[in-house]
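Each chain gets a letter, A, B and C, in the order it is written, and its residues are counted from 1.
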Amino acid sequence: MNSILSCTNLSKAFGSTMALKNVNLEIARGRIVGLLGPNGSGKSTFIKICNELLTPTSGEIIIGGFKPGVETKKIVSYLPEKNYLNDWMKVSEIINFFKDFYADFNSEKAYDMLSRLNIRPESRLKTLSKGTKEKVQLILVMSREAQLYLLDEPIGGVDPAARNYILDTILKNYNEEATVILSTHLIADIEKILDDIIFLKDGQVVLQKTVDDIRSETGKSVDALFREVFKC
Amino acid sequence: MPWDLKSDRPIYTQLIEQLELKICSGFYALGSKLPSVRDLAQEASVNPNTMQRALAKLEEDGLLYTNRTSGRFVTEDIKMIQKTKTKLAQEHIQEFLEKMKRLGFDRTDILNILAEMLEEAGK
Amino acid sequence: MLGKLMKYEIKATARWFLPLYTVILVIAAISRLLFGDPLMMESSGFTFRKAISILVILAYVILVVGVMIVTLVVCIIRFYKSLLGDEGYLMFTLPVQTWKHITGKLLIAVLWNFLSGLFACLSIFIIIPSPELLKIRQAFAAEFSQFFNFGSYCILSAVVIVSLVFSILQIYAAIALGHLFNKHRLLASFGMYIAINTVCQYVTWMVTPLLVGSVMKFDGNLELIVKPVSQTFILFTVVAAILSAGCFVLTNILLKKNLNLE
(Lines give C-alpha, C1' and ligand atoms only; values in the text may rest on other atoms or scores of the structure.)
Protein backbone atom coordinates (compact mmCIF):
# COMPACT_ATOMS: atom_id res chain seq x y z
CA MET A 1 0.00 0.00 0.00
CA ASN A 2 1.52 3.22 -1.06
CA SER A 3 -0.43 5.71 1.02
CA ILE A 4 0.25 5.74 4.70
CA LEU A 5 -2.76 7.94 5.34
CA SER A 6 -5.99 8.24 3.43
CA CYS A 7 -8.82 10.47 4.44
CA THR A 8 -12.31 10.44 2.90
CA ASN A 9 -14.90 13.17 3.45
CA LEU A 10 -13.68 13.78 6.95
CA SER A 11 -15.71 16.29 8.91
CA LYS A 12 -15.58 17.36 12.53
CA ALA A 13 -18.06 19.63 14.22
CA PHE A 14 -17.76 21.21 17.67
CA GLY A 15 -21.27 22.25 18.46
CA SER A 16 -22.26 24.43 15.56
CA THR A 17 -18.70 25.10 14.35
CA MET A 18 -17.27 22.92 11.61
CA ALA A 19 -13.59 22.53 12.37
CA LEU A 20 -13.07 20.23 9.38
CA LYS A 21 -15.29 20.08 6.30
CA ASN A 22 -15.16 17.16 3.89
CA VAL A 23 -11.42 16.75 3.93
CA ASN A 24 -10.07 14.36 1.34
CA LEU A 25 -6.39 13.51 1.46
CA GLU A 26 -4.05 10.86 0.26
CA ILE A 27 -0.56 10.97 1.75
CA ALA A 28 2.18 8.71 0.43
CA ARG A 29 4.87 6.94 2.41
CA GLY A 30 8.35 8.36 2.68
CA ARG A 31 7.38 12.01 2.40
CA ILE A 32 7.86 15.04 4.61
CA VAL A 33 4.57 16.90 4.44
CA GLY A 34 3.74 20.34 5.74
CA LEU A 35 0.21 20.88 6.99
CA LEU A 36 -0.01 24.64 6.72
CA GLY A 37 -2.68 27.05 7.74
CA PRO A 38 -3.43 29.90 10.12
CA ASN A 39 -4.55 29.33 13.69
CA GLY A 40 -7.96 27.76 13.81
CA SER A 41 -7.77 26.27 10.32
CA GLY A 42 -8.22 22.74 11.63
CA LYS A 43 -4.64 21.47 11.66
CA SER A 44 -4.61 20.37 15.29
CA THR A 45 -8.10 18.92 14.96
CA PHE A 46 -6.99 16.83 12.02
CA ILE A 47 -3.93 15.56 13.83
CA LYS A 48 -5.92 14.75 16.97
CA ILE A 49 -8.37 12.71 14.93
CA CYS A 50 -5.43 10.77 13.50
CA ASN A 51 -4.47 9.92 17.08
CA GLU A 52 -7.98 9.01 18.22
CA LEU A 53 -7.97 11.96 20.59
CA LEU A 54 -11.07 13.20 18.80
CA THR A 55 -13.67 11.23 16.90
CA PRO A 56 -14.87 12.37 13.47
CA THR A 57 -18.40 13.62 13.05
CA SER A 58 -18.50 11.97 9.62
CA GLY A 59 -16.17 10.48 7.07
CA GLU A 60 -13.25 8.28 7.78
CA ILE A 61 -9.52 8.19 8.09
CA ILE A 62 -7.29 5.19 7.51
CA ILE A 63 -3.69 4.98 8.67
CA GLY A 64 -1.57 2.06 7.59
CA GLY A 65 -4.73 0.15 6.77
CA PHE A 66 -6.45 0.73 10.10
CA LYS A 67 -8.87 3.21 11.57
CA PRO A 68 -7.34 5.21 14.43
CA GLY A 69 -7.06 2.81 17.36
CA VAL A 70 -4.61 0.53 19.10
CA GLU A 71 -3.10 -0.72 15.83
CA THR A 72 -2.45 2.76 14.48
CA LYS A 73 -1.00 3.95 17.78
CA LYS A 74 1.67 1.32 17.43
CA ILE A 75 2.91 2.86 14.20
CA VAL A 76 2.20 6.55 14.77
CA SER A 77 4.51 8.78 16.81
CA TYR A 78 2.85 11.98 17.96
CA LEU A 79 4.33 15.21 19.22
CA PRO A 80 1.56 17.42 20.58
CA GLU A 81 1.84 21.14 21.11
CA LYS A 82 1.46 20.64 24.82
CA ASN A 83 4.03 19.30 27.17
CA TYR A 84 2.67 15.99 28.38
CA LEU A 85 5.55 14.83 30.50
CA ASN A 86 4.72 14.35 34.15
CA ASP A 87 6.92 16.23 36.56
CA TRP A 88 7.83 13.56 39.01
CA MET A 89 9.61 11.18 36.67
CA LYS A 90 13.29 11.24 35.91
CA VAL A 91 14.44 11.36 32.31
CA SER A 92 15.55 7.74 32.50
CA GLU A 93 12.14 6.74 33.83
CA ILE A 94 10.22 8.32 30.99
CA ILE A 95 12.55 6.56 28.57
CA ASN A 96 11.77 3.26 30.22
CA PHE A 97 8.11 4.14 30.04
CA PHE A 98 8.31 4.60 26.28
CA LYS A 99 10.36 1.45 25.95
CA ASP A 100 7.74 -0.48 27.90
CA PHE A 101 4.79 0.58 25.82
CA TYR A 102 6.25 1.05 22.35
CA ALA A 103 7.89 -1.89 20.64
CA ASP A 104 9.53 0.39 18.08
CA PHE A 105 11.22 2.65 20.62
CA ASN A 106 14.98 2.91 20.25
CA SER A 107 16.36 3.86 23.64
CA GLU A 108 19.99 4.02 22.46
CA LYS A 109 19.05 6.70 19.99
CA ALA A 110 17.24 8.59 22.72
CA TYR A 111 20.15 8.45 25.15
CA ASP A 112 22.50 9.50 22.37
CA MET A 113 20.45 12.56 21.53
CA LEU A 114 20.09 13.43 25.20
CA SER A 115 23.81 13.25 25.84
CA ARG A 116 24.46 15.56 22.90
CA LEU A 117 22.27 18.12 24.60
CA ASN A 118 23.94 17.49 27.94
CA ILE A 119 20.72 16.33 29.54
CA ARG A 120 21.50 13.90 32.33
CA PRO A 121 19.22 10.86 32.50
CA GLU A 122 19.13 11.20 36.27
CA SER A 123 17.54 14.65 36.22
CA ARG A 124 13.94 14.99 37.27
CA LEU A 125 11.71 16.40 34.56
CA LYS A 126 10.48 18.93 37.06
CA THR A 127 13.92 20.56 37.19
CA LEU A 128 14.26 21.06 33.44
CA SER A 129 13.46 24.35 31.74
CA LYS A 130 10.46 24.55 29.43
CA GLY A 131 12.66 24.55 26.34
CA THR A 132 14.60 21.53 27.53
CA LYS A 133 11.43 19.62 28.29
CA GLU A 134 10.23 20.32 24.77
CA LYS A 135 13.47 18.93 23.41
CA VAL A 136 13.13 15.82 25.56
CA GLN A 137 9.64 15.33 24.20
CA LEU A 138 10.91 15.68 20.65
CA ILE A 139 13.68 13.20 21.32
CA LEU A 140 11.22 10.67 22.70
CA VAL A 141 8.99 11.04 19.66
CA MET A 142 11.80 10.83 17.12
CA SER A 143 13.39 7.85 18.83
CA ARG A 144 10.51 5.71 17.74
CA GLU A 145 10.93 3.88 14.45
CA ALA A 146 7.39 4.77 13.52
CA GLN A 147 5.74 4.72 10.10
CA LEU A 148 4.07 8.06 10.58
CA TYR A 149 5.32 10.99 12.62
CA LEU A 150 2.74 13.63 13.47
CA LEU A 151 4.34 16.80 14.77
CA ASP A 152 1.93 19.51 15.85
CA GLU A 153 3.59 22.94 15.75
CA PRO A 154 7.03 21.63 16.68
CA ILE A 155 8.77 24.96 16.16
CA GLY A 156 6.20 27.44 17.35
CA GLY A 157 7.32 29.53 20.30
CA VAL A 158 10.88 28.27 20.08
CA ASP A 159 14.05 30.32 19.54
CA PRO A 160 15.82 30.14 16.14
CA ALA A 161 18.69 28.01 17.41
CA ALA A 162 16.29 25.49 18.88
CA ARG A 163 14.34 25.55 15.62
CA ASN A 164 17.44 24.48 13.75
CA TYR A 165 18.04 21.74 16.24
CA ILE A 166 14.50 20.49 15.80
CA LEU A 167 14.67 20.51 12.00
CA ASP A 168 18.05 18.82 12.08
CA THR A 169 16.74 16.15 14.43
CA ILE A 170 13.82 15.50 12.14
CA LEU A 171 16.05 15.20 9.07
CA LYS A 172 18.52 13.00 10.88
CA ASN A 173 16.01 10.53 12.23
CA TYR A 174 13.77 10.57 9.27
CA ASN A 175 13.30 7.04 8.07
CA GLU A 176 12.94 6.84 4.27
CA GLU A 177 9.96 4.60 4.61
CA ALA A 178 8.26 6.80 7.15
CA THR A 179 6.19 9.87 6.55
CA VAL A 180 6.46 13.01 8.63
CA ILE A 181 3.52 15.39 8.82
CA LEU A 182 4.45 18.74 10.33
CA SER A 183 1.80 21.27 11.11
CA THR A 184 2.90 24.86 11.45
CA HIS A 185 2.21 28.42 10.54
CA LEU A 186 5.93 29.32 10.46
CA ILE A 187 6.63 28.35 6.90
CA ALA A 188 9.81 30.13 5.88
CA ASP A 189 11.87 28.10 8.33
CA ILE A 190 10.76 24.69 7.25
CA GLU A 191 9.98 25.10 3.57
CA LYS A 192 13.23 23.58 2.39
CA ILE A 193 12.76 20.33 4.20
CA LEU A 194 9.24 19.69 2.96
CA ASP A 195 8.36 17.46 0.03
CA ASP A 196 4.69 18.34 -0.14
CA ILE A 197 2.48 20.95 1.37
CA ILE A 198 -1.19 21.04 2.20
CA PHE A 199 -2.91 24.36 2.72
CA LEU A 200 -5.78 24.14 5.16
CA LYS A 201 -8.24 27.04 5.30
CA ASP A 202 -11.32 27.06 7.52
CA GLY A 203 -11.25 23.30 7.78
CA GLN A 204 -10.90 22.63 4.07
CA VAL A 205 -8.00 21.62 1.88
CA VAL A 206 -7.37 24.44 -0.58
CA LEU A 207 -4.09 23.22 -2.04
CA GLN A 208 -1.99 20.08 -2.09
CA LYS A 209 1.25 20.25 -4.09
CA THR A 210 4.95 19.65 -3.92
CA VAL A 211 7.15 22.55 -2.84
CA ASP A 212 9.14 22.54 -6.07
CA ASP A 213 6.00 22.55 -8.20
CA ILE A 214 4.80 25.62 -6.39
CA ARG A 215 8.13 27.36 -6.84
CA SER A 216 8.41 26.53 -10.52
CA GLU A 217 4.77 27.23 -11.34
CA THR A 218 4.39 30.45 -9.43
CA GLY A 219 7.96 31.63 -9.10
CA LYS A 220 7.26 32.21 -5.45
CA SER A 221 8.27 30.49 -2.26
CA VAL A 222 5.62 28.60 -0.36
CA ASP A 223 5.86 31.26 2.33
CA ALA A 224 5.06 33.98 -0.19
CA LEU A 225 2.20 31.97 -1.67
CA PHE A 226 0.84 31.33 1.80
CA ARG A 227 0.73 35.04 2.55
CA GLU A 228 -1.25 35.55 -0.64
CA VAL A 229 -3.69 32.72 -0.14
CA PHE A 230 -4.34 33.57 3.48
CA LYS A 231 -4.37 37.31 3.21
CA CYS A 232 -6.47 38.86 5.97
CA MET B 1 31.44 25.91 0.80
CA PRO B 2 28.03 26.77 2.24
CA TRP B 3 24.79 25.98 0.49
CA ASP B 4 23.07 29.05 -0.83
CA LEU B 5 19.43 28.32 -1.54
CA LYS B 6 17.01 31.03 -2.52
CA SER B 7 13.37 30.83 -1.60
CA ASP B 8 11.66 31.61 -4.89
CA ARG B 9 13.21 29.03 -7.17
CA PRO B 10 12.68 25.29 -6.98
CA ILE B 11 15.06 23.71 -4.50
CA TYR B 12 15.70 20.81 -6.88
CA THR B 13 17.10 23.10 -9.58
CA GLN B 14 19.22 25.02 -7.13
CA LEU B 15 20.66 21.84 -5.64
CA ILE B 16 21.74 20.67 -9.07
CA GLU B 17 23.47 23.98 -9.70
CA GLN B 18 25.20 24.00 -6.34
CA LEU B 19 26.34 20.42 -6.69
CA GLU B 20 27.69 21.11 -10.18
CA LEU B 21 29.57 24.08 -8.76
CA LYS B 22 31.08 22.06 -5.96
CA ILE B 23 32.17 19.34 -8.34
CA CYS B 24 33.60 21.67 -10.96
CA SER B 25 35.46 23.78 -8.45
CA GLY B 26 37.07 20.68 -7.04
CA PHE B 27 35.40 21.00 -3.67
CA TYR B 28 34.26 17.48 -4.31
CA ALA B 29 37.44 16.22 -5.87
CA LEU B 30 37.71 14.04 -8.94
CA GLY B 31 36.85 10.47 -8.11
CA SER B 32 36.16 11.26 -4.45
CA LYS B 33 33.35 9.79 -2.41
CA LEU B 34 30.34 11.96 -1.73
CA PRO B 35 28.73 12.14 1.70
CA SER B 36 25.51 10.14 2.04
CA VAL B 37 22.22 11.59 0.81
CA ARG B 38 21.05 12.00 4.36
CA ASP B 39 24.20 13.85 5.41
CA LEU B 40 24.10 16.11 2.39
CA ALA B 41 20.42 16.84 3.01
CA GLN B 42 21.17 17.69 6.61
CA GLU B 43 24.06 19.94 5.63
CA ALA B 44 21.87 21.84 3.21
CA SER B 45 18.81 21.62 5.50
CA VAL B 46 16.71 20.24 2.71
CA ASN B 47 14.41 17.31 2.21
CA PRO B 48 16.36 14.11 1.57
CA ASN B 49 14.03 13.15 -1.27
CA THR B 50 14.81 16.37 -3.11
CA MET B 51 18.54 15.88 -2.57
CA GLN B 52 18.21 12.33 -3.84
CA ARG B 53 16.50 13.51 -7.02
CA ALA B 54 19.19 16.12 -7.64
CA LEU B 55 21.93 13.54 -7.19
CA ALA B 56 20.09 11.14 -9.47
CA LYS B 57 19.94 13.78 -12.18
CA LEU B 58 23.68 14.40 -11.90
CA GLU B 59 24.25 10.68 -12.20
CA GLU B 60 22.15 10.67 -15.31
CA ASP B 61 24.29 13.50 -16.65
CA GLY B 62 27.41 11.51 -15.94
CA LEU B 63 28.95 13.68 -13.24
CA LEU B 64 28.39 11.12 -10.52
CA TYR B 65 28.22 7.38 -10.39
CA THR B 66 27.01 4.94 -7.80
CA ASN B 67 28.91 1.93 -6.64
CA ARG B 68 26.32 -0.43 -5.19
CA THR B 69 28.27 -1.30 -2.09
CA SER B 70 30.43 1.72 -1.41
CA GLY B 71 28.24 4.71 -2.30
CA ARG B 72 28.25 7.65 -4.59
CA PHE B 73 31.38 9.02 -6.25
CA VAL B 74 32.39 11.93 -8.42
CA THR B 75 33.29 10.76 -11.90
CA GLU B 76 36.95 10.16 -12.76
CA ASP B 77 36.33 11.34 -16.26
CA ILE B 78 38.14 14.69 -16.38
CA LYS B 79 36.71 15.50 -19.76
CA MET B 80 33.19 15.23 -18.32
CA ILE B 81 34.02 17.73 -15.63
CA GLN B 82 35.65 20.08 -18.11
CA LYS B 83 32.58 19.89 -20.24
CA THR B 84 30.34 20.82 -17.34
CA LYS B 85 32.74 23.54 -16.22
CA THR B 86 32.65 25.05 -19.65
CA LYS B 87 28.88 24.80 -19.75
CA LEU B 88 28.59 26.62 -16.44
CA ALA B 89 31.07 29.27 -17.55
CA GLN B 90 29.10 29.79 -20.72
CA GLU B 91 25.89 30.19 -18.74
CA HIS B 92 27.43 32.80 -16.46
CA ILE B 93 29.04 34.67 -19.33
CA GLN B 94 25.80 34.65 -21.28
CA GLU B 95 24.06 36.24 -18.32
CA PHE B 96 26.88 38.76 -18.00
CA LEU B 97 26.79 39.67 -21.66
CA GLU B 98 23.05 40.23 -21.57
CA LYS B 99 23.39 42.54 -18.59
CA MET B 100 26.20 44.49 -20.24
CA LYS B 101 24.13 44.83 -23.39
CA ARG B 102 21.24 46.24 -21.37
CA LEU B 103 23.66 48.74 -19.84
CA GLY B 104 24.54 49.79 -23.34
CA PHE B 105 28.11 48.57 -23.70
CA ASP B 106 29.36 47.37 -27.06
CA ARG B 107 31.86 44.63 -27.82
CA THR B 108 35.03 46.73 -27.58
CA ASP B 109 33.97 48.38 -24.32
CA ILE B 110 33.25 45.01 -22.77
CA LEU B 111 36.64 43.59 -23.76
CA ASN B 112 38.43 46.70 -22.45
CA ILE B 113 36.73 46.67 -19.08
CA LEU B 114 37.35 42.95 -18.81
CA ALA B 115 41.04 43.28 -19.59
CA GLU B 116 41.43 46.08 -17.06
CA MET B 117 39.70 44.19 -14.29
CA LEU B 118 41.59 40.98 -14.98
CA GLU B 119 44.87 42.86 -14.74
CA GLU B 120 43.80 44.42 -11.45
CA ALA B 121 42.77 41.06 -10.10
CA GLY B 122 46.11 39.55 -11.21
CA LYS B 123 48.10 41.95 -8.95
CA MET C 1 -0.28 -3.85 28.93
CA LEU C 2 -2.64 -3.66 31.87
CA GLY C 3 0.11 -4.84 34.16
CA LYS C 4 2.45 -2.14 32.86
CA LEU C 5 -0.18 0.52 33.38
CA MET C 6 -0.67 -0.67 36.93
CA LYS C 7 3.07 -0.64 37.53
CA TYR C 8 3.26 3.01 36.51
CA GLU C 9 0.15 3.84 38.42
CA ILE C 10 1.69 2.45 41.60
CA LYS C 11 4.88 4.40 40.99
CA ALA C 12 2.94 7.57 40.46
CA THR C 13 0.83 7.17 43.58
CA ALA C 14 3.26 5.53 45.99
CA ARG C 15 5.07 8.81 46.39
CA TRP C 16 1.97 10.12 48.11
CA PHE C 17 0.92 7.14 50.13
CA LEU C 18 4.10 5.68 51.49
CA PRO C 19 5.09 8.91 53.24
CA LEU C 20 1.52 9.28 54.46
CA TYR C 21 1.47 5.84 56.02
CA THR C 22 4.89 6.40 57.54
CA VAL C 23 3.71 9.63 59.11
CA ILE C 24 0.68 7.96 60.60
CA LEU C 25 2.66 5.14 62.10
CA VAL C 26 5.22 7.53 63.47
CA ILE C 27 2.58 9.76 65.03
CA ALA C 28 0.87 6.72 66.49
CA ALA C 29 4.14 5.45 67.93
CA ILE C 30 5.05 8.84 69.35
CA SER C 31 1.71 9.41 70.97
CA ARG C 32 1.78 5.96 72.44
CA LEU C 33 5.20 6.59 73.92
CA LEU C 34 4.39 10.03 75.19
CA PHE C 35 0.93 9.52 76.48
CA GLY C 36 0.79 5.84 77.25
CA ASP C 37 -2.43 3.91 77.04
CA PRO C 38 -5.29 6.27 76.40
CA LEU C 39 -7.77 3.69 77.52
CA MET C 40 -6.32 3.44 80.96
CA MET C 41 -9.01 5.02 82.95
CA GLU C 42 -8.44 3.41 86.33
CA SER C 43 -8.89 6.48 88.38
CA SER C 44 -12.30 8.01 88.61
CA GLY C 45 -12.96 11.64 88.25
CA PHE C 46 -11.38 14.08 85.94
CA THR C 47 -7.62 14.09 85.73
CA PHE C 48 -5.27 15.85 83.48
CA ARG C 49 -4.17 12.49 82.20
CA LYS C 50 -7.64 11.57 81.14
CA ALA C 51 -8.06 14.83 79.29
CA ILE C 52 -4.87 14.27 77.37
CA SER C 53 -5.92 10.72 76.58
CA ILE C 54 -9.23 11.91 75.22
CA LEU C 55 -7.50 14.54 73.14
CA VAL C 56 -5.09 11.96 71.80
CA ILE C 57 -7.91 9.66 70.81
CA LEU C 58 -9.78 12.54 69.21
CA ALA C 59 -6.75 13.74 67.30
CA TYR C 60 -6.16 10.21 66.28
CA VAL C 61 -9.63 9.68 64.94
CA ILE C 62 -9.32 12.88 62.95
CA LEU C 63 -6.04 11.65 61.55
CA VAL C 64 -7.50 8.30 60.54
CA VAL C 65 -10.50 9.91 58.88
CA GLY C 66 -8.09 12.33 57.27
CA VAL C 67 -6.10 9.46 55.79
CA MET C 68 -9.18 7.93 54.24
CA ILE C 69 -10.19 11.26 52.79
CA VAL C 70 -6.70 11.96 51.46
CA THR C 71 -6.66 8.51 49.86
CA LEU C 72 -9.90 9.22 48.11
CA VAL C 73 -8.80 12.67 46.99
CA VAL C 74 -5.50 11.38 45.62
CA CYS C 75 -7.31 8.71 43.61
CA ILE C 76 -9.66 11.28 42.15
CA ILE C 77 -6.87 13.69 41.27
CA ARG C 78 -4.85 10.86 39.71
CA PHE C 79 -7.69 9.88 37.41
CA TYR C 80 -8.42 13.45 36.41
CA LYS C 81 -4.89 14.68 35.91
CA SER C 82 -3.50 11.59 34.26
CA LEU C 83 -6.27 11.01 31.76
CA LEU C 84 -7.95 14.35 31.25
CA GLY C 85 -5.12 16.78 31.92
CA ASP C 86 -2.06 17.36 29.75
CA GLU C 87 -0.82 13.87 30.58
CA GLY C 88 -3.87 12.61 28.71
CA TYR C 89 -1.98 13.35 25.50
CA LEU C 90 0.58 10.79 26.57
CA MET C 91 -1.85 8.21 27.94
CA PHE C 92 -4.37 8.14 25.17
CA THR C 93 -1.78 7.82 22.44
CA LEU C 94 -0.35 4.68 23.99
CA PRO C 95 -1.33 1.55 22.05
CA VAL C 96 -3.64 0.47 24.85
CA GLN C 97 -7.40 0.10 24.91
CA THR C 98 -9.31 2.66 26.96
CA TRP C 99 -10.84 0.10 29.29
CA LYS C 100 -7.39 -0.95 30.42
CA HIS C 101 -6.62 2.60 31.51
CA ILE C 102 -9.79 2.72 33.61
CA THR C 103 -9.28 -0.75 35.05
CA GLY C 104 -5.64 -0.09 35.91
CA LYS C 105 -6.48 3.04 37.84
CA LEU C 106 -9.47 1.41 39.47
CA LEU C 107 -7.53 -1.57 40.76
CA ILE C 108 -4.76 0.57 42.17
CA ALA C 109 -7.28 2.92 43.75
CA VAL C 110 -8.95 -0.06 45.43
CA LEU C 111 -5.54 -1.24 46.57
CA TRP C 112 -4.65 2.05 48.21
CA ASN C 113 -8.05 2.46 49.82
CA PHE C 114 -7.69 -1.04 51.22
CA LEU C 115 -4.16 -0.37 52.45
CA SER C 116 -5.18 2.95 53.98
CA GLY C 117 -7.85 1.14 55.94
CA LEU C 118 -5.32 -1.45 56.97
CA PHE C 119 -2.82 1.14 58.14
CA ALA C 120 -5.52 2.95 60.04
CA CYS C 121 -6.31 -0.26 61.90
CA LEU C 122 -2.64 -1.03 62.35
CA SER C 123 -2.03 2.30 63.96
CA ILE C 124 -4.94 1.77 66.29
CA PHE C 125 -3.20 -1.35 67.42
CA ILE C 126 -0.13 0.70 68.12
CA ILE C 127 -1.91 3.36 70.01
CA ILE C 128 -4.01 1.00 72.04
CA PRO C 129 -2.12 -1.89 73.55
CA SER C 130 -3.25 -5.34 72.46
CA PRO C 131 -4.69 -6.70 75.68
CA GLU C 132 -7.22 -3.86 75.75
CA LEU C 133 -8.09 -4.34 72.12
CA LEU C 134 -8.42 -8.04 72.54
CA LYS C 135 -10.96 -7.43 75.26
CA ILE C 136 -12.97 -5.20 72.94
CA ARG C 137 -12.76 -7.70 70.16
CA GLN C 138 -13.79 -10.54 72.37
CA ALA C 139 -16.76 -8.50 73.51
CA PHE C 140 -17.81 -7.92 69.90
CA ALA C 141 -17.17 -11.51 68.97
CA ALA C 142 -19.27 -12.81 71.84
CA GLU C 143 -22.25 -10.75 70.80
CA PHE C 144 -22.21 -11.61 67.15
CA SER C 145 -20.56 -14.98 66.86
CA GLN C 146 -23.90 -16.71 66.89
CA PHE C 147 -24.90 -14.82 63.80
CA PHE C 148 -21.63 -14.51 61.94
CA ASN C 149 -20.06 -17.53 60.35
CA PHE C 150 -17.47 -17.92 57.64
CA GLY C 151 -20.05 -17.37 54.95
CA SER C 152 -21.04 -14.07 56.48
CA TYR C 153 -17.43 -12.94 56.62
CA CYS C 154 -17.09 -13.73 52.94
CA ILE C 155 -20.21 -11.80 52.13
CA LEU C 156 -19.02 -8.93 54.28
CA SER C 157 -15.67 -8.80 52.47
CA ALA C 158 -17.41 -8.95 49.11
CA VAL C 159 -19.71 -6.15 50.17
CA VAL C 160 -16.77 -4.01 51.25
CA ILE C 161 -14.85 -4.55 48.02
CA VAL C 162 -17.89 -4.08 45.82
CA SER C 163 -18.81 -0.90 47.69
CA LEU C 164 -15.30 0.40 47.19
CA VAL C 165 -15.32 -0.41 43.49
CA PHE C 166 -18.81 1.03 43.22
CA SER C 167 -17.96 4.37 44.81
CA ILE C 168 -14.78 4.74 42.79
CA LEU C 169 -16.50 3.94 39.51
CA GLN C 170 -19.24 6.44 40.30
CA ILE C 171 -16.55 9.06 40.72
CA TYR C 172 -14.86 8.10 37.46
CA ALA C 173 -18.17 8.24 35.62
CA ALA C 174 -18.90 11.65 37.12
CA ILE C 175 -15.50 12.96 36.04
CA ALA C 176 -16.01 11.57 32.53
CA LEU C 177 -19.45 13.18 32.33
CA GLY C 178 -18.08 16.48 33.63
CA HIS C 179 -15.51 16.37 30.85
CA LEU C 180 -18.30 16.67 28.30
CA PHE C 181 -18.75 20.29 29.27
CA ASN C 182 -16.50 22.88 27.76
CA LYS C 183 -16.26 25.18 30.73
CA HIS C 184 -16.31 24.69 34.47
CA ARG C 185 -15.55 21.02 34.08
CA LEU C 186 -14.73 20.57 37.74
CA LEU C 187 -18.03 22.02 38.82
CA ALA C 188 -19.84 19.91 36.24
CA SER C 189 -18.12 16.81 37.58
CA PHE C 190 -19.30 17.59 41.09
CA GLY C 191 -22.79 18.08 39.83
CA MET C 192 -22.63 14.85 37.89
CA TYR C 193 -21.36 13.00 40.91
CA ILE C 194 -24.29 14.15 43.00
CA ALA C 195 -26.62 13.07 40.25
CA ILE C 196 -25.02 9.67 39.79
CA ASN C 197 -24.71 9.03 43.48
CA THR C 198 -28.33 9.93 44.09
CA VAL C 199 -29.54 7.68 41.31
CA CYS C 200 -27.36 4.79 42.43
CA GLN C 201 -28.37 5.13 46.07
CA TYR C 202 -32.00 5.27 45.09
CA VAL C 203 -31.76 2.19 42.93
CA THR C 204 -29.79 0.18 45.46
CA TRP C 205 -31.87 0.99 48.48
CA MET C 206 -35.20 0.88 46.74
CA VAL C 207 -34.67 -2.15 44.58
CA THR C 208 -32.89 -4.39 47.04
CA PRO C 209 -35.54 -4.60 49.74
CA LEU C 210 -38.16 -5.02 47.03
CA LEU C 211 -36.33 -8.06 45.80
CA VAL C 212 -35.89 -9.45 49.26
CA GLY C 213 -39.59 -9.23 49.77
CA SER C 214 -41.03 -9.32 53.20
CA VAL C 215 -40.74 -6.67 55.79
CA MET C 216 -38.38 -7.37 58.63
CA LYS C 217 -40.14 -7.62 61.87
CA PHE C 218 -38.45 -7.30 65.16
CA ASP C 219 -40.13 -9.85 67.29
CA GLY C 220 -37.42 -10.39 69.83
CA ASN C 221 -35.95 -13.22 67.84
CA LEU C 222 -32.73 -11.81 66.42
CA GLU C 223 -32.12 -14.80 64.19
CA LEU C 224 -35.05 -14.08 61.97
CA ILE C 225 -33.68 -10.63 61.35
CA VAL C 226 -30.17 -11.74 60.45
CA LYS C 227 -31.11 -14.09 57.62
CA PRO C 228 -32.97 -11.57 55.47
CA VAL C 229 -30.22 -9.09 56.34
CA SER C 230 -27.56 -11.27 54.77
CA GLN C 231 -29.82 -11.90 51.80
CA THR C 232 -30.25 -8.18 51.49
CA PHE C 233 -26.48 -7.79 51.60
CA ILE C 234 -26.03 -10.29 48.81
CA LEU C 235 -28.66 -8.60 46.70
CA PHE C 236 -27.21 -5.20 47.46
CA THR C 237 -23.84 -6.48 46.31
CA VAL C 238 -25.32 -7.83 43.09
CA VAL C 239 -27.21 -4.62 42.35
CA ALA C 240 -24.12 -2.57 43.18
CA ALA C 241 -22.03 -4.77 40.90
CA ILE C 242 -24.46 -4.27 38.03
CA LEU C 243 -24.54 -0.52 38.56
CA SER C 244 -20.74 -0.50 38.81
CA ALA C 245 -20.53 -2.25 35.47
CA GLY C 246 -22.88 0.39 34.09
CA CYS C 247 -20.64 3.19 35.37
CA PHE C 248 -17.61 1.43 33.90
CA VAL C 249 -19.19 1.06 30.48
CA LEU C 250 -20.36 4.67 30.54
CA THR C 251 -16.90 5.93 31.47
CA ASN C 252 -15.31 3.77 28.78
CA ILE C 253 -17.63 5.02 26.06
CA LEU C 254 -17.21 8.65 27.11
CA LEU C 255 -13.43 8.46 27.17
CA LYS C 256 -13.31 6.65 23.87
CA LYS C 257 -15.79 8.61 21.84
CA ASN C 258 -16.12 11.95 23.54
CA LEU C 259 -12.58 12.81 24.46
CA ASN C 260 -11.72 16.44 24.04
CA LEU C 261 -8.44 17.35 25.67
CA GLU C 262 -7.55 21.02 25.98
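In this section, contacts are C-beta pairs under 8 Å (C-beta built on N, C-alpha and C of every residue); 3 or more make two chains touch, one makes a residue touch a chain.
These figures come from a predicted structure and were not determined experimentally.
> Which chains does chain B share as contact partners with chain C?
A
> So which chain ends up in the middle if you average the CA atoms?
Chain nearest the centroid of all protein C-alpha atoms: A.
> Distance-wise, how many Å sit between the C-alpha centres of chain B and chain C, to the nearest whole number?
For chain B versus chain C, the centre distance works out to 76 Å.
> Whole-Å distance, chain A centre to chain C centre, using C-alpha means?
43
> Centre to centre, by mean C-alpha position, how many angstrom separate chain A and chain B?
Distance between chain centres: 35 Å.
> Show which residues of chain C lie in contact with chain A when the two form their complex.
1, 4, 8, 11-12, 15, 82, 86-90, 92-97, 256-262
> Quick one: which bits of chain A touch chain C in the complex? Just the residue numbers, please.
Touch residues, chain A against chain C: 48, 51-55, 70-71, 73-74, 76, 78, 80, 82-86, 88, 93, 97, 100-102.
> Quick one: which bits of chain B touch chain A in the complex? Just the residue numbers, please.
5, 7-13, 38, 41-42, 44-50
> So in the complex, the part of chain A that touches chain B is made up of which residues?
30-32, 164, 167-168, 171-172, 174, 176, 188, 191-195, 211-213, 215-216, 219-221, 223-224
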